[in-house]
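The first chain written gets the first letter, and so on, giving A, B, C, D, E and F; residue counts start at 1 in each chain.
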Amino acid sequence: MATLHTVNKSPFQTQTLLSCLSHVQAGDSVLMIEDGVYGAMGSTTLADAVAGLGGQVNLFVLGEDLAARGIDAGRVADGITKIDMDGFVDMVASTDRTQSWL
Amino acid sequence: MSEDVKKFLYVNRKAPYGTIYAQESLEVVLIGAAFDQDVEMAFLDDGVFQLTKNQDTKGVGLKNFSPTFRALGDYEVTKLYVEQESLDERGLTLDDLQDIQYEDEDDDWAEKPSIRVVSRAEMGKIMANQDVVLSF
Amino acid sequence: MKFGIVVSEGPYTHQASDTAYNFVKAALAKGHEVARVFFYHDGVNVGTRLSVPPQDDRQIQAQWTALAKEHDLDLVICIAAAQRRGLLDENEAERQGKDANNIAEGFRISGLGQLIEMGIQADRTITFGD
Amino acid sequence: MKFGIVVSEGPYTHQASDTAYNFVKAALAKGHEVARVFFYHDGVNVGTRLSVPPQDDRQIQAQWTALAKEHDLDLVICIAAAQRRGLLDENEAERQGKDANNIAEGFRISGLGQLIEMGIQADRTITFGD
Amino acid sequence: MATLHTVNKSPFQTQTLLSCLSHVQAGDSVLMIEDGVYGAMGSTTLADAVAGLGGQVNLFVLGEDLAARGIDAGRVADGITKIDMDGFVDMVASTDRTQSWL
Amino acid sequence: MSEDVKKFLYVNRKAPYGTIYAQESLEVVLIGAAFDQDVEMAFLDDGVFQLTKNQDTKGVGLKNFSPTFRALGDYEVTKLYVEQESLDERGLTLDDLQDIQYEDEDDDWAEKPSIRVVSRAEMGKIMANQDVVLSF
């Protein structure tokens, strides 16, 4: 009974990603999309907080949104998996519900 | 639980008036109440500000929709989960929120509080126990 | 699997309607069914036929109209949200005494009950908003 | 003193256009001049005449139209932002081959140059947005 | 040559108020409006940061927006002055420029 | 400075593509350049993300407006202030940003970088030194 959480806000601008990660259950998945993909970058002042809070969940980032913003795959933090829109669709289907953190 | 009854959670994380999401969320809840589904509402982060007492919008000219929360009981929407940590961070207590009641038909129509203050950990579990989560 | 989609932000201003469009296209290509796309909040503005985007940019409204035609999608605009924001079909315009309407082909205006019904009937409901 | 006002968000969705309206009314009451109100981004949607807000709520577009009439205000909608979002006057509708227009009385559509000109001519420029 | 800064976002949701307060000059004024008025509350987890960063500037909050949100004047932190829309107009006129932190 | 020339600052604090503000800000700057005012741009907080190299929007279907920044020099917009602390927080360096140049007519049309990295303290002073501040 796992949930797919989506986050579409920059964690440098809003508290949304951190709030999401403070409410997820072990085994849930969190997918960063749109401006949310900045939360997947390593070597930022927020990377440790994301890795720490996200320890019990599967972290994903949408590749199309990374590319739009000029973030090379090499900039994505360890432990975060890049997927594409087809993968997004599969994740919605394979989890039990989707919660959008707006 | 019948096959046709789903658990709906309405998640409110935004303050009222600065944007319309809180008000239009409430409009969905009222319409949704007619569908005989299992409905719960969650208030966390700035969403807890939606429930404050004594909202007076005359000075800004917007419509004050906060009285509508007190009518939710009549629509059989009786579970308003409010996150303790979100209140604490904002210096709020239950006393700062409206007194929202419902009549419990399983307990001789006794008046009971609709607001249930829960911890962040409990809020996470409530979110995980739904069929449909609508976010505002 | 049957998906229900909520679009909560307006076209161009937010990426939400683009992401929703790309998601729906990908879901359909994978053989999933899209039960309905429900436009709420500023999302109702996706359904105007009066927009004239720059020619070198994507044509958001026309994309949805074409996708709806190809896959017989049910694109529903919330009436309450639409009235506030000035999105009307012919019937609504007449009922409200307005001299024009601006809804695009392939969209229809209906009540919030259609959102709840979608949540009940779809296997998964997903919101694209802000 | 001469004020220039920018409104950057749509009606009802954000409080920005309400705050701008209250600010302009207060400024005029104090004898200040309002050189222009420039509607940009989703702010252009304030200028639709097709909105039908609930009767127990404020009528944002009608308020602006009335205030403009009373004080001879120059309410300018940015053409580039308006085209993307489907806000047209009669001339634009004809030029773009659209069968309807939706601009409200008291508003006019013009270019971004009007924003810069306002910034140059006004003693103070203030933005209400998101 | 003082600036009036306006902030209309909740500091619990976005970084805007803190960014504004990190850029103001001594003698500037900061006015919290719309959802920004939550930044004027005392006894919150952010009140100390606001008071600390705001030490060199004049902090104001718009009364009409406080009332709309049910925040009693007694909840406003020490050192923050409540004004009304007329006062807002006066402040725009009496400072040299207005910067909106959106 | 003539009476008719004002100092305009365009403040960019938002990331590109998630919302349209960055793109519509740039449209104002291009139009504004025709008015012979003194124009500067500020990039801070998430606004620094607007200037990253290698933006490729084919996958999302949006228009890639980032090449326009490189045309600003032709419009005599040559001062793009980027905040050091905002870069640092996001793990970015100047190398991650586009190389934006202008030709300096006062120095034999030598090509010079338009991006000027400044500290937060300097950014505050730049903001305080304007006639009109437009925020996006």
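Just a few scattered comments:
Just so we're on the same page, a contact is a pair of C-beta atoms (placed from the backbone, for glycine too) under 8 Å apart; a residue touches a chain by one contact, two chains touch by 3 or more.
Remember, it's a predicted structure, so these values are computed and weren't measured experimentally.
In summary, the chains found to touch both chain A and chain C are B, F. Comparing chain pairs A-F and B-C by the number of C-beta pairs in contact, the larger count belongs to A-F.
As a whole-number value, the distance joining the C-alpha centres of chain D and chain E reads 26 Å.
Inter-chain spacing, taken between the CA centroids of chain E and chain F, is 27 Å.
Each chain gets one centre point, the mean of its Cα atoms, and the points for chain B and chain F are 43 Å apart.
Distance between chain centres (mean CA atoms), chain A to chain D: 38 Å. Shared contact sites, meaning residues of chain D that touch two or more other chains, fall at 12-13, 15, 19, 22, 41, 54, 125, 127, 129-130. With touch defined as above, residues shared between interfaces to two or more other chains in chain F number as follows: 14, 17-21, 45, 60, 62, 131-133, 135. Within chain E, residues 8, 12-13, 15, 34-35, 64, 85, 97-98, 100, 102 each touch two or more of the remaining chains.
You'll find the chains touch as A-B, A-C, A-E, A-F, B-C, B-D, B-E, C-D, C-F, D-E, D-F, E-F. Within the complex, the chain A residues that touch chain E are 12-15.
Looking at the complex, you find that chain C touches chain A at residues 1, 3, 8, 15-16, 19, 22-23, 26-27, 29-30, 32, 124-130.
Of all residues in chain F, those touching chain C in their complex are 17-20, 60-63. On chain F, the positions that touch chain E within their shared complex are 11, 13-14, 21, 44-45, 120, 123-125, 127-128, 130-133, 135-136. By the touch criterion given at the top, residues 1, 3, 15-16, 19, 22-25, 28, 97-102 of chain E touch chain F in their complex.
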